[in-house]
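What follows are several structures.
Next, two complexes with chain A in common: one pairs it with chain B, the other with chain C.
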Partner chain A sequence: MAKGKMGSSVKHDVIAAEDVITSELTRGERALDLVWRSWLFIFLLGLIVFFWSQTPANSFLTGSNFKLIALNTSEVILLAIGETFVIVTAGIDLSIGGILLIAGTCGGKVMLALSGTHAQVQMGLYPHATTAICVGIAVCIVMGTAWGLVNGLLITLLKLPPFIVTLGTLGITFGLSDLISGGTNFFAPVPPSFTDKIGNGTFLGLYVPIWIAIFFLIVAHIVYHHLRFGRYTAAVGSNEEGARRTGIAVNRQIVKVYALAGFLAGSAAVLDLAIFTNISRASHSSDNLNAIGAVVIGGTSLFGGVGTIIGSAIGAFIPTIAQNGLVIMNVPSFWQEVLVGVTIIFAVYLDQVRRRRSSK
Partner chain B sequence: MTALSVTTPNSSGVEPILEARNIQKHFGHVVALREGNFQLRPDEIHAIVGDNGAGKSTLIKIISGVFHADGGEVLLDGRPVSITNPREARVLGIETVYQDLALAEHLDAAANLFLGREMLLPPPLSWFGFLDKKSMKQRAEGEMQRLKIGIQSVEQPVQSLSGGQRQAVAVARAIAWGNRIVIMDEPTAALGVRESAMVLELMREVKNHGIAVIMISHNLPEVFAVADRITVLRLGRTIATIDTSDTSLEAVVGFMTGALDALV
Partner chain C sequence: MSRRLVALIVVLIVGTGAITTTFAFASSNAAKAPSSAKKPSAKISITLVAGITTDAFYLTMKKGAAAEAKKEGVSFTYTGSPAAFSPPTQIPFLNATIARHPSAILIAPTDKSALIAPIQRAIKAGIPVVTVDTLITKKIALSNVSTDNPAGGRLAADALAKAIGSAGGDVGIMATTPGVSTTDQRIAGFRSELKKFPKLHFTSIQYCNDDTPTAARLTSALLAAHPKLAGMFAVNVKSGDGVTSAVQAAGKSGKVKLVEFDAGPPQVAALKAGTVDALVAQYPYGIGQLGVQLAVKWIKNDRAGIKKHYGTPSAVITKANINNPKIKKFIYTP
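Take a look at the complex of A and B:
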C-alpha cells in the first residue's frame, strides 16, 4: 500500500516538473517570438534615435525631413511589394532595378520626344507636355510589365532558376539602358508640369509619390490576404507540385507574379522620373539590394509560402533612413549599403533560427 | 491455387466505372509499369497491393492526370478518356490523396480543403477574386466534424499539425470533393490505430454514398478488412485481381512475391 502511494506521488512530482519545464519553454518561446516580431521596430527606432543623437538639432528629426525620407522610400516600397509576391512563390527577382532603369529611360525619352521639337524642349518649352506625359507614363508601365513577363516566361517555359533568369535580365536591361541613353542624362529635364504635379506635388501635406505608394500598399495587402491571387501565390511557394495537383495553373501564376513585379518596377520608374526629372544608372545600382532587403527584413521568408506586405513596407524605410541620416552626419552614404547588407544577413539568419525552432 | 476464384475482365457482369488497359510508363530507363491492368466497379473499395516500387503510385498518378502513360488506355464509363492534368481528373469527379499528401504546408486546413476551387464573395467582388473566407471556414469546420477529424482550428497552418492530422486533412479534401472516384495512396501510413480505423470507416462511408474507392496499402489485414477486391502488382505488372472474400492473406502475399504465378 505505502509503496504504491509513494510510487504515485513520485510520478506526480515528475509530471509537475514536466509541466514547469514546458510552461517555461513556452514562456521563453513567447518572449523570443515577441522579439522576433518586433525586432524590426526596435531596430528602426534604434536607427532613428542614433541619428537623432548624432546630428545637429532640427536637422534629422523634423517633419520636413521625414516627409523627404518618405518620398525617397516611395519607390523602394513599390519595388518591395513586387519582390514580396515573387519571394512568396519561393522565387527571386534580381532584375527589378534594371527594369526600372530601362522603363524610365524609354519612358523619359518618349516624354521628351513628344513634348515638342528638340529646340523647343532645350529652350524649356514643352508645347505638348500633357500628351507627352501620358504616353511616357504608359511606356514606363508597359515596358516594366513586358520585362516582367519575359522573366516569368523564361522561368516557366524553359524551367530555369529565377535567380539565373533575373540576373541575366538585370545585365540585359542595364546594358540596353546605357545603349539607349548613351550612358548620359537626358538632354533636358522631363516636362516641369510632370515634376510639379507628381514628383514635387503635395496632397494633404504629403508628397504625391507617398500617396501613390500608400495606395499600392493597400491594394497589395488586399490582393495578398483577401484575393485568390494572393492565395495561389502562397500555395505555389508553399508546395509547387501540390498546387499543380489541386488544379492550380502554377506556371500562369508564376508568370503573373513576375509580370506584377515588372509592372511595379515600371510604376516606380514613373515616380523616379517625376521626382528626379532624369534617370541614371548610378542611382539605381542598389535598388535590388534595397528592395530584397526590405522584403526579408520585413519578415517574408526566402523559402516561400509566407509573407507580409506591410512588413516589406516598413523594411523599405531602413535603407532610406540610413542614407538620409548618414548624409546629414556627413558620413559617406556608401555606408548605407554596408548597413543594409549586414541587416539582410541578420534578418535571414533570424528567419532560419525561427524555422529551425518551429520544425523541431 | 484451385481455391482461388479469379475475376477475369468483364466476367462480373457489372460495367466498370473505370478501366486501365495495358498501361505502360517508364522514367528514363526505369520501367515503372509494363502492363498495368485495372478495373474499378462503381460500388466497390478496390485495393492495389504490391511491394515497394511495384508501380502502384505510378498507376494511380496516371489515372489522376499527374503522369501521362507511354502506352495503353484509360476508360471511364467504357469510353476512352485522356486525362492530361489533375484538373481534368477533378472535373471528372476523381479525387486523390497522394502518398506525399500534396498539401500547402503554410496554408491552413480550410485553405487546403478549398485549394484550387475557392469560394468567392458574391459579385461584383467575385470578379476580382475576393475569397469568401468565412464560408470556407464554416464549411471546413463542418466537414471536419462530419468526418470526426479532431483538429483544434481549421485556421492553423497545416505545418503545425501532426502527421496524422495532416493526413486527415488530405483525406477530408478528397472525400469532400470526389463524387465518382476517390483514390487514396497509403492513407493510413502515418496514422495511429484509432485514426487508421477512422479512415477505413470513412472509406466504407464513401462507398455507401455510391462512390468508388481505390486504396493503396501495405497493411494487408487492413486491406482484407475493407476492400471488396484486390489487385496485385509485381514489377510493374498486374498479376491478379481477386475477390477478397475468395482469397487468403497467404495467397495475396504469394502473388506479391512471385511465389504464385500470374493469373489473368
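Take a look at the complex of A and C:
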C-alpha cells in the first residue's frame, strides 16, 4: 500500500489509512517528504540551468526554442496521460504507439479520400478540405478509443495480463496499419489547411498542439485527483480485491481506463497528422517506451495505486529538453539516452524506498 | 528509520552528482569541438542536419562538407537523428540547430512536405538553408544540391539489364518510403528505362522504411513469391544491405542479379564478392563540398551566380572498374 502524492488523497477512501502515517511524521521527515515530492521539479530546473550555462547566449533559454520543445513534446504528453491512468491500475499499455499509428493511418486515409478526387489531391488541390478534416479527426479518435476498448475487454473478460494483451494488440495494430497503408506513406500530404491551422498554427503565442496538451493535462489532473473516476482508478490499482468489496465495478473501471488510453492515443494521432502531414511507422515504434518512461520518471508507481498527472508531463519533457540542449551544446545526442536511462532507474529506486518506508 | 532517511539523502546527492559528472564530461567533449558557438557573430558556422546520421552516405557527405569548411576557414558541425529516417525524429534536431543559430544550415529533408514549415522557421530566424540530397516541394531553400536521380535510376536499369543478359526474367525494386524526393525519382528513372528491355518483366516494388532487417524480410518473401526473379534494384544503402543479405541467405547469389544505389563499405564488399553486380554510386563527398561552398558564398553576399539547383554526377561501379582512380572517388568512406 502506498500513499497518494497530492494532498487531495484524503479523498481516496480506500487508501485513507496511508494519511494516518503521514500525520505521524516528524517535522524533519515531512521536510524530506517535500524534497521527495519535488525532486523531479528540482531536477528539471537543474537541467535547464545546466544547459543555459553551457550554451551560447540567446540559444537554449529562449521563448522560441521552448515553444518548439513543447511542440515536440505535446504528443508524448497525451500518450503519457493515458499511460498514467493505466499504470495507476497496476496495468501497462504497450500498444499505444500501434493504436496511434492505426488511428492516424485510417484518419489520414479518410481525410485524403474526402478532400477531393485522387487527381485533384495529387496536384495539391483539396476542394472539400474542411469536411475531410473534421471526419478524419473523428475517425482517429473513434479508432483509438475502439482499440483501447479491445485492450480493456481482453484483459477483463479473458483475464489475461495487460502486458501480454497489449503486446499482442501492438503487433496487431502495427501489422494492420501496414496492411491498410501498404507499408508506405500516403500518396499526398494531408490538407495544408489542417497543418497550417492545427499542426503549425499558433494561438496566443503558443502552437495549437501545446494548447491541446495543456487542455488534456488540466482535465486529466482534475479527473484523477478530484473526481470519482480518479479515486476508483487508484483504488483498483492499490488493492483490487478491496476495491471490489467496497462496491467498485473493478472490471468496468479497467475497461474505461484502457479506452481512455486509446482515446488519447487517437488524439495524439490527430496531432501527428497535423504536425508531420503524414504518418510513418519508423517514428512510433518506441512511443510506448517513451510514454512509460515519462510516467515512471514522473513518480507514478509501476505497482499501481499512486500517480500524478503533472509528474508525467514533467517526465515527458526531460528527454526532449535533454535532446535539445545536447544538440545546441554540440554534444552527441546519444548522451540523451544515457541520461534518460539513469533518470528512470533513479525514479523507480525512489518509489521503492518510499514504498518500503510507508509499509513499515 | 532515520538511518534510512540519511541513506536516501545520500542517494539523492550522489545521483544528482553522477548526472552532473556525466554532463561535465559531455561538456568537456564539447569544448574540444569547434566552439565558435560562444561568439556566433565572430565566425561563420555551418551545420549539416543529416537524414540519418549513421548512414554511410551522410557520413561521407559530412566528410566532404567538413573538408570544404576547413578550406574556407569556417566552423562545421554535424547533427541529426541516429535512429530513424523520418520527420518526427529529424525535426527536433533541426529545431535545436535553429536555436543554436549557425550562419547557415545544410539539411537533407526527410519528407517533401513535412519539413516545409520547420525549414521556413529557420529562414524566418535569419538562417539561410541549402537542401542537400533530398528537397522540399516549396522552393524556399537558397539552393538544392543533389544527385541527378532520374539519370541514376536509368543507369541502374541499364546495368541490371546488362547483368541479367539475354535470358531476361522478373525484376523487383526495394525502396525506402514513398514521398522522399530522391528515391521517388530513382524509381521513376529506373522504371521508364526498364521499358526498353522487353524481356525484363517488372513485378513489384517493396518499401522497407529505410530499415535493413525489414528489407531482408521483404526480399526473402519476394524470392519465395517469384521463383523467376532474375534481378533486384535497391534504391539506397540500407535497403541494399538488406537485399544482399537475404539473397545470400537464400543461396541465390549470382542467380539473382543485384544492382544497388550507393556505395557504402558493405556494398563494395558485396560487389567484390560477386553478390552484387553493379553499384550506382552518388557523389556525397561532392554534395557536401558544394553545399558548404554555396552557403559560404551566400553569407559573404556573393549571391549573383548561385543557381536554385545543382545536379552532381553518379557513376556505375562494377568489379571491372572498381580500381579505376576516376571511379574510386565515388566510393563512400564513412
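Everything below uses one rule, namely that the second predicted complex is superposed on the first by the 300 of 360 C-alpha atoms of A that agree within 3 Å, B and C clash if a C-alpha of one lies under 4 Å from a C-alpha of the other, contacts with A are read in each partner's own complex, and residues count from 1 in each chain.
By our rule, contacts are C-beta pairs under 8 Å (C-beta built on N, C-alpha and C of every residue); 3 or more make two chains touch, one makes a residue touch a chain.
Since we're looking at a predicted model, the values are computed, not measured.
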| item | value |
| --- | --- |
| Dominant toucher of chain A (residue count), chain B or chain C | C |
| Touching partner for A:V338 - first (chain B), second (chain C), both, neither | second |
| Chain B versus chain C as contact partner of A:S193, first or second or both or neither | neither |
| Touching partner for A:G242 - first (chain B), second (chain C), both, neither | first |
| Which of chain B and chain C A:N251 touches, first, second, both or neither | neither |
| Chain B versus chain C as contact partner of A:L227, first or second or both or neither | first |
| Which of chain B and chain C A:F276 touches, first, second, both or neither | second |
| Contacts of A:Q54 with chain B and chain C, given as first, second, both or neither | second |
| Touch list for chain A against partner chain C, complex | 28-29, 32, 35-36, 39, 43, 46, 50, 54-56, 58-60, 62, 64-65, 68-69, 72, 182-187, 189, 195, 199-200, 272, 275-278, 280-283, 320, 323-335, 338-339, 342-343, 346, 349-350, 353, 357, 360 |
| Complex contact set, residues of chain C against chain A | 1, 4-5, 8-9, 11-12, 15-16, 18-20, 22-23, 26-27, 29-30, 33, 35, 37-40, 77, 79, 81-82, 84-89, 91-93, 95-101, 111-114, 117, 121, 125, 177-179, 206-207, 209-211 |
| Chain B-touching residues of chain A, taken from the complex the two chains share | 226-229, 231, 234-235, 237-239, 241-248, 305-306, 358 |
| Touch list for chain B against partner chain A, complex | 64, 66, 85-87, 90, 96, 98, 100-107, 111, 115-118, 120, 128-131, 133, 159-160 |
